[in-house]
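What follows are several structures.
Both of the next two complexes hold chain A, though its partner changes from chain B to chain C.
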Partner chain A sequence: MDARSWRAIAPWAGLAALVVLPLVLRDRYLVHLLVMAGIFVILSSSWNLLAGYTGQLNLGHAAFYGIGAYTSALLAIKLGISPWLGLVLGGLVAACFGLLLGVPALRLSGPYLAITTIGFAEILRLVAMNWVDLTRGSLGLYGIPPLTPIPLPGGKSLTFTSEVSAYYVILVLCLLSLACCRRLVNSDFGISARSLRDDEMAAASVGIDVNAYKLAIFMLSAFFAGLAGAFFAHYQRLVSPDTLSTAETFTILTMVMLGGLGTLTGPVVGAVVLTFLAEGLRFVEDWVKMDVRLIIYGLLLILTILFMRGGMVGLFDRFRRPAAQPGRE
Partner chain B sequence: MEILRTKDLTKNFGGLCAVDKISFSLYAGEIVGLIGPNGAGKTTLINLLSGFFPPSSGRIVFEEQDVTGFKAHQLNELGVARTFQVVRVFNKLTVLENVLSAQVDRRQMGPWELVRRAILPPRGEHQRYQKECEAAERLLEFVGIAQYRDEPAENLPYALSKRLEIARALATNPTLLLLDEPSSGLNPRELDDQITIIKRINQQGISILIIEHVMKVIMNISHRLIVLQYGEKIAEGLPQEVYSDPQVVEAYLGGDAHAQH
Partner chain C sequence: MESSLLLQQIVNGIILGSVYSLIALGLTMIFGVMKISNFAHGDYSMVGAYVAVFLMAWLPGWLGWVGSILAAAAVVGVLGVVTERLVFRPLLTRWTDIDIIMVSIGLFILLENLAHLVFGATPRMLKDPFGGAVFDLGLFSTSQLRVFCLVFSCVAIAVLQLFLNRSRLGVAIRATSQNRFAAQLMGININTVYTLTFSLGAALAGVGGVLYGTLFAISPVMGAIPTQKAFVVTIMGGMGHMRGAILGGFILGVAETLGGNYLSMAYKNAIGFMILILVLLLRPSGLFGRRQ
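Our next item is the complex of A and B:
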């Protein structure tokens, strides 16, 4: 077979592998890790939309994740709204908060925006901690219903309490989110977004309404994070203010930087690698009796920025084709 | 036909008056040269006309519509395009994407319409995109950089990135093009190419306001000249007239220039 037919087959082969993976693993713990990796794939890809393609450094991304989780959980517990609908509503409410955070982003950039977004997430975390009547504070919301079973013809129904079933749901959500990201990035919309990352003044000079685009991208990015959060709530069935913490955002940031900022595959690679690495580090932590996870993340981040700017994906590309020769006409 | 008129256009930066009560008109199909010593307010004037700064006072009328205080992207939608004194191309985008970024018909499509089209492409979206690419390529050919279409713009040599900026400005389908020193930093051969390109743009019926220091260019292509000094308009007229204007000579060469002859 030539390279071209391989390229046509590869995505389908990959999909088939992903579908049979949990059946082959037969290990609930490993499948659980895959589900968590899937959640982080959506989180890091959505953060990458903002940071990688539009150049907006949002250090409050976990806030959108938490808002999605709390929204869907509360709707299900208090109002009995279907968790399936909750997934979408969690995304939509997060998108509204995305709009809210997008407004200061119109005037701020770089470190100023970064600090504002940290503050935004911190405020929401404190609200979740202290609005005990609604959120049960630091105890967290528990007793969140799982995704409701889907009745099948023949009296049976599809339930979503096992890790394997959750795996398939997050797989579908991941594929949908990644397909959306890919289409967005490669479209006219994506070109406009990337152009304002490179030069806002020039973008305005060709008719791009920089503010409208920034708000749109903040909302889109928040939507996908909220979706991941809502799924997490019904999977873990416990949401605590920790989901909104800055440490969560830095995990996402490290995943994207490690995988490759501003690429489609980078965040996916970073999310999977780091999710499994984090679990491996748990054993190390037991051994050294110290919380080393964030230290290692920090180290990875520094090393990536110093020696591997394009992340793992960039490294792979460099290996595959020699660097372009600059300065030729 | 008059397409642009300013009345007492003024811009103050704190105590500094960068543009001081400038009134002028620009007619359809004209190339008007904007000259003056460094710091005369030429670039500030272009920034006002393209909506990058709001004027402190005075009015701007474009095609019979009062556009004073309009934002840059709004003015561009109405038909004002510009280039920058220091090249501002989208570095990480390919040469073709640079032009595509400008080409979307934003008079009809806002960001959300583009998001919808990206995620759920309507029928014929692919053909529309193909047409867009073809039109963009024609513009790249027009300025002579079509062979670099898939290069990141940051790889272009300086002279060619200046041409890319022009192609990108043209992609927005302007009626008025504001060129801020299109020939700075070019060698003599590149300069001739640039003059040809500007003349050909004008032949398509696009009016041009051009800031230029290179006399060869300005005398060659301008139908009229406007001379600024210390933010004020000190002369206006045909190139030859303006060049023999004693006030202009004084502005450029200093007060004693005549005395020494």
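Our next item is the complex of A and C:
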């Protein structure tokens, strides 16, 4: 087969592999890890949408994740709203908060934006900790219903309590959000967004409404994080204020930098690699009797920025096309 | 009774504020000269506090205190040089804001968890060389340790100002902060200035950490809080402005103590961020920075 037909088949083959993967693995724990990796794929891709394509550094991304999780969980517990609807509502409420944060963030950049977004997440975490009547404080919300079964013709119904069923839901959500990111990045809209990342003033001078673009992407990024959070709430069935913590954001951004900032595949690669690396390191920790996992995260983040700009995807590209790399003989 | 409580809170706020000022001065110096926003800054305070924990177990009373502060400045100063050389210097020629902030977050994760590995998770308290003695002025009272803390921060801030204004090296640092290229043309070796500034800024955070340890528990994860406070103070005063950072520290300290007492203890840590957002919306160049 020649290269072109390979390229046509590859995505379908990949999809087929993803569909049969949990059936081949037959290990609940490994499937659970895949589900978590899927959640982080959405989180890191949505963070990358903002940081990688508009250059805005949001260090409060976990806030949107937490907002989605709390929204959907509370709607299901208090009002009995279907978790399926909750997924969308969680995303929408997160997007509204994205607008709230996005408006002041328009005037900020670099360290100013970074510390403001940390503050935003920290304030929301304090609210989740202290509004005990609503959120049960640091105990967290428990007893969140799982995604409701879908009735099938013939009296049976499709339930969503097992890891494997959750895997298929998150797979669909991942594919949808990745397709959305891809379309956005390759559209005129995405080209405009990138132009304002590279030179805001030049972009404004050719008639790009800089503020509108930044806001739209801020909200979209928040929406996907909220969606991932809502799914997490109904999968884990427990949400605590930790979901809003800065540590969660730092994990997301380590994934993106490791995979490759400003690329579509980078965040996906980073999320999957780091999720499984973390589990691998748990075995190492048992072996050496030391907590080395986060030390390695920190080292990875530093080394990636110092020696591997462009992350794993960038490294792969350089390996494949050494001549195409500008500035290299 | 009410006004005495208010006075008491203000005194407590000023003491807390003096520590914030000291830590923020280090951050704002490093930003002013090198344009580095270091999100691991509070971890220098954490390391400084641990230096004190160990030295005080070793040296008795007063000697422990003076020794701790000097040792914290030295150890953290060296740590500052090491991190600047290994982590920040390679990025100096090709950085973007994102790279610098990210690499400092990597450093934050690394230092916090290394400390966790080395020192363990148990929170520790510093010994009080005055044996908990109280300094009573009738209207308000405060422990002698806190008075020492305030006096020491003020002396350190004054010495720093003298150094920056009167010594050759200090003038070189200020010149580099104002205009890097002009400073180079005047024969200033900016690489030396960079290393010196970073080391001095880190040492300030280290000493601030020892004093911070007299007010709060010391643990490997404590670094995130001084980092946040230092950024709030620095932005409030205008990034890179020394005097702004000093005043900003005191303002934040008093606002937090008053807010924590009269508004809500649970949201004490949110007060700084509220002020930050207000400042950024109303006066983005800082309360004391020049209007642009």
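Here is the rule we go by: the second predicted complex is superposed on the first by the 315 of 329 C-alpha atoms of A that agree within 3 Å, B and C clash if a C-alpha of one lies under 4 Å from a C-alpha of the other, contacts with A are read in each partner's own complex, and residues count from 1 in each chain.
The rule is short, and it goes like this: a residue touches a chain if its C-beta (ideal position, glycine included) is under 8 Å from a C-beta of that chain, and two chains touch if they have at least 3 such contacts.
A quick note: this is a predicted structure, and the numbers were derived from the prediction, not measured.
Peer 1: I'd like to know which partner A:180 touches here: chain B for first, chain C for second, both or neither.
Peer 2: Only chain B is touched by A:180; chain C is not.
Peer 1: Once the structures are superposed on A, label A:188 by its partner contacts, choosing first (chain B), second (chain C), both or neither.
Peer 2: first
Peer 1: Under the stated touch criterion, which partner chain does A:9 make contact with: chain B (first), chain C (second), both, or neither?
Peer 2: neither
Peer 1: Counting only touches as set out at the top, which of chain B and chain C does A:20 meet: first, second, both, neither?
Peer 2: Neither: A:20 stays clear of chain B and chain C.
Peer 1: Which of the two partners, first being chain B and second being chain C, lies in contact with A:288: first, second, both, or neither?
Peer 2: neither
Peer 1: Is A:172 touching the first partner chain B, the second partner chain C, both, or neither of them?
Peer 2: neither
Peer 1: So, A:203: does it touch chain B (first), chain C (second), both, or neither?
Peer 2: first
Peer 1: With the touch criterion stated at the top, can you tell me which chain A residues are shared between the chain B interface and the chain C interface?
Peer 2: Touching chain B in the first complex and chain C in the second, no residue of chain A appears in both lists.
Peer 1: Help me check something: in the complex, which residues belonging to chain B touch chain A?
Peer 2: 50-52, 71-73, 76-77, 81-82, 84, 88-93, 97-98, 100-102, 104, 106, 109-112, 114-115, 117-119, 121, 129, 132, 155, 157, 160, 168-169, 171-172
Peer 1: For chain C, which residues count as touching chain A in their complex?
Peer 2: 31, 37, 39, 87, 90-91, 96-99, 101-103, 105-114, 116-117, 224, 228, 231-232, 235, 239, 266-267, 269-270, 272-274, 276-277, 280-281, 284
Peer 1: So in the complex, which bits of chain A are touching chain B?
Peer 2: Chain A reaches chain B through residues 180, 183-184, 186-192, 194-195, 197-199, 201-210, 212-213, 215-216, 220, 262, 324, 326-329.
Peer 1: Which bits of chain A are touching chain C when the two form their complex?
Peer 2: Result: residues 51, 55, 57, 104, 107-112, 114-116, 118-120, 122-123, 126, 129-130, 246, 250, 253-254, 257, 261, 290-292, 294-295, 297-302, 305-306, 309 of chain A touch chain C.
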